[in-house]
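For reference, chains read A, B, C and D in written order, and residue numbers begin at 1 within each chain.
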Amino acid sequence: MINKIVQTMADAVAGIRDGAVVLLGGFGNIGQPHALLDGLIEQGAKDLTVVSNNAGVGRTGLARLLDLGRVRKIVCSYPRTADPVVFEELYRAGRIELEIVPQGTMAERIRAAGAGIPAFYTATAVGTKLAAGKEEREINGRKYLLEESLPGDVALVEAWEADRWGNLTYRSSGQNFNPIMATAAQLTIVQAQHVVDLGALDPEKVMTPGIYVNRVVHVPYGDPMVP
Amino acid sequence: MSLFAACKPLSRNDMAERLARDIPEGWYVNLGIGAPLKVADYVPMEREVIFQSENGVLGMGPVPDPEKIDRWLINAGKQYVTLRPGGSYMHHADSFALIRGGHLDLCVLGAFQVAENGDIANWSMSDNDSAPAVGGAMDLAAGARQLWVIMDHQTKSGESRLVRRCSYPLTAIGAVTRVYTNLAVLDVTPDGFVVRDVVPGLTLEALQQVTDAPLRMAAKNS
Amino acid sequence: MINKIVQTMADAVAGIRDGAVVLLGGFGNIGQPHALLDGLIEQGAKDLTVVSNNAGVGRTGLARLLDLGRVRKIVCSYPRTADPVVFEELYRAGRIELEIVPQGTMAERIRAAGAGIPAFYTATAVGTKLAAGKEEREINGRKYLLEESLPGDVALVEAWEADRWGNLTYRSSGQNFNPIMATAAQLTIVQAQHVVDLGALDPEKVMTPGIYVNRVVHVPYGDPMVP
Amino acid sequence: MSLFAACKPLSRNDMAERLARDIPEGWYVNLGIGAPLKVADYVPMEREVIFQSENGVLGMGPVPDPEKIDRWLINAGKQYVTLRPGGSYMHHADSFALIRGGHLDLCVLGAFQVAENGDIANWSMSDNDSAPAVGGAMDLAAGARQLWVIMDHQTKSGESRLVRRCSYPLTAIGAVTRVYTNLAVLDVTPDGFVVRDVVPGLTLEALQQVTDAPLRMAAKNS
């Protein structure tokens, strides 16, 4: 019997290696797997590359992982949030590498990694300083940049419901990067608010089929914090 | 400044209202973080304009009553929003496929500068910016069918934001189609800025004096 | 008030021009917009390019459009179906052009057209005769082909439910090419089994948001025919 | 043929059963149209193997009772199928993203020829084929982690289907990892075909006589 539900946080985050590329779901505070982040902090892996839309808020979660010196590089579109104090300190001190990627290009690069597309062309960022070092090509009269896929070793995902096959649903704007990150990593780890019986999810409402999921841990924390 | 003695520059809210008047029913529109978000307040619900937020929300409604907040539903500025009947959700790749694919009728962004060739600079003040944050601005600017910019005509220190060539790092090239400032509404055309509309009491000559890029007047009834 | 529901088939298919590229949803008999095909036959546009997974069965629908000499070229992955008599006759007589595309490459090229991706790389068909004339490129040690997007002038789509904004759902394997074709055409025309009130569709179950849809016509025909 | 006097080649059903034994629980598997589809009949429901069909069905169950057919639910061969609890649907781009992205543990295809370097030819009999039909075969062959081929060892006229180089148009290069024939099971390795298993009574020498490509025996307990 397939059963991807694990019983402890330690089991959920076991085996994340030093140097891993970690895809971290969430947009702002919504759909971000805070419990898995705490599990990763506890687990100890270091020298990480974190791919996340934002660069952490306050002193907890991703900010704490940064604060502990466990992140070598961050790939994100928007490091300037309401309270990015930890990231800014590290960045100014030259103690963390930053790769700024336009948000849509980041999303498409992650999707491409899951879809077996090693590279694609996009008009986003043509003529800007984020085009530096990228191949430019004219196709049908318009200029495009070549962008490579962005795969992860690990994806940390927050879902609303999950079953033992790893099928997932998400709640309203809690989807954001989670479904595409789930497809793009060697090891996809999910925290879910609700664990339901196999067959309980509407087959037309499953947003991430279990094929993309390795482990699910039940974390029924309720609504996201007010930031 | 004597130029403005005879006229009253628009407030932020006035600019948003002025822009909102030009959005026809049925358009799909993304409003950038900050000043552009105000535009939604001036589109009446009965004129059905469908607002998108790049974090996967299509069909956003007004800000919720404080006691009715859904803490799972935010916009790109991380503010709580609502979903209208007919709205839907999607993940980030689908959301930016919609943006990049040219399906938005309109995106409204703020900017530091707009150039007469349609270049826009709105994400970074200098090449040495510590930790610049681009978000979805480059995707939106390159992807939407129309890009309207809403911004003050001049900086606080009196420099023109409508320029011949942008001096700040670019967000996109040749993307802007119209600019709404506190003094005027201007189209970006192959011949540069064309003035559609000025605030009452302001002459084209006076407007030109506070504008770096050359201006032309629109032909009547165009 | 936005209302994409049209009352007649003539209104639904109005304006399809001679020479148009028509994306035709469906896989086999499921999810294929038969009523819109009949409408297109009636409407009269000719010299069409049809993009469809299959090349028509029997003597009705797509096969009839072919039989009437209205199709210049067909882009498909699998022209050899149970009863492709019309297509085979035309093809042997040299009266129709055929572009064979691997099914997944076809799907991705259509998706790319809707997503503003003019071209992408894929390992599918490397080293085969379908690679002829395509750019080959090695990326991280593996060979890939460059494939261009495949946009349509018109998409003909079959949905299960639709509302006046053009939001759509599909039924089980009736999705197939329909959702991606809806994103990839200048003019997307939908036949829907059920027209429902705005707000009646679950926002988390809308598979094609109305932004991709221009016209919806109500065609409550019931279950697909047994082939 | 005297070679086969001492042995009994496997039937189509036997081959499917033999292959099915090697699929572990938890694998995600695509079965090609035709002979490969039989494999599903020999995987017991209690061994949870999840079958995918490229038209967007993940978690296919057995063929439905005639009175319980859902006419909206077909497989890639256009046959009516069922969905298991835990199954789900997706559109064609997502379905082939799954295939192309290397997420299937296994694809099983039929073939005309398999070469010792893993090349497979299974879609077209000649370069002058009138209207060749490729379907999803190239995507599956290039995308799945393992590609197992199920086919007769020889053509009806007695030619070997296991060859040094394919003479038919290729479906994919270097993709096949194992072959199940009516006479043997063979791994495709960097050193060519390695025999894992032969039908009782057949010697390696006899198998080699009906095989174009050179064969090697697997090391014991490998």
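Please note the rule applied: a residue touches a chain if its C-beta (ideal position, glycine included) is under 8 Å from a C-beta of that chain, and two chains touch if they have at least 3 such contacts.
Quick caveat, the model's predicted, so the values are computed rather than measured.
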item: Any chain in contact with chain A as well as chain C; value: B, D
item: Intercentroid distance (Cα basis), chain D paired with chain C, Å; value: 30
item: Centroid distance [mean C-alpha coordinates] between chain D and chain B, Å; value: 56
item: Centre distance in Å when chain A and chain D are each reduced to the mean of their C-alpha atoms; value: 35
item: Chain D residues counted as touching two or more neighbouring chains; value: 83, 89-90, 96-97, 99-100, 143
item: Multi-chain contact residues (two or more partners), chain C; value: 108, 111, 115-117, 122-123, 170-172, 203-204, 207
item: Chain contact topology (line, ring, star, complete or other); value: other
item: Contact pairs between chains, per stated definition; value: A-B, A-C, A-D, B-C, C-D
item: Sites on chain B touched by chain A in the complex; value: 53-57, 70-74, 78, 83, 89-93, 95-97, 99-100, 119, 124, 127, 130-139, 142-143, 169-173
item: Touching residues on chain A, where the partner in the complex is chain B; value: 27-30, 55, 77-82, 84, 87-88, 91-92, 98, 100-105, 107-108, 110-111, 122-130, 170-180, 207, 223-224, 226-227
item: Residue numbers on chain C that touch chain B, as the complex places them; value: 1-2, 111, 113-117, 163-165, 167, 183, 198-199, 201, 203-204, 206, 209-212
item: Residue ranges of chain C in contact with chain A within the complex; value: 108, 112, 115-123, 139-140, 142, 144, 148, 169-172, 202-205, 207
item: Chain A partner contacts - residues on chain D that touch it in the complex; value: 25-26, 28, 46, 48, 50, 52, 58-59, 83, 85-90, 96-104, 143
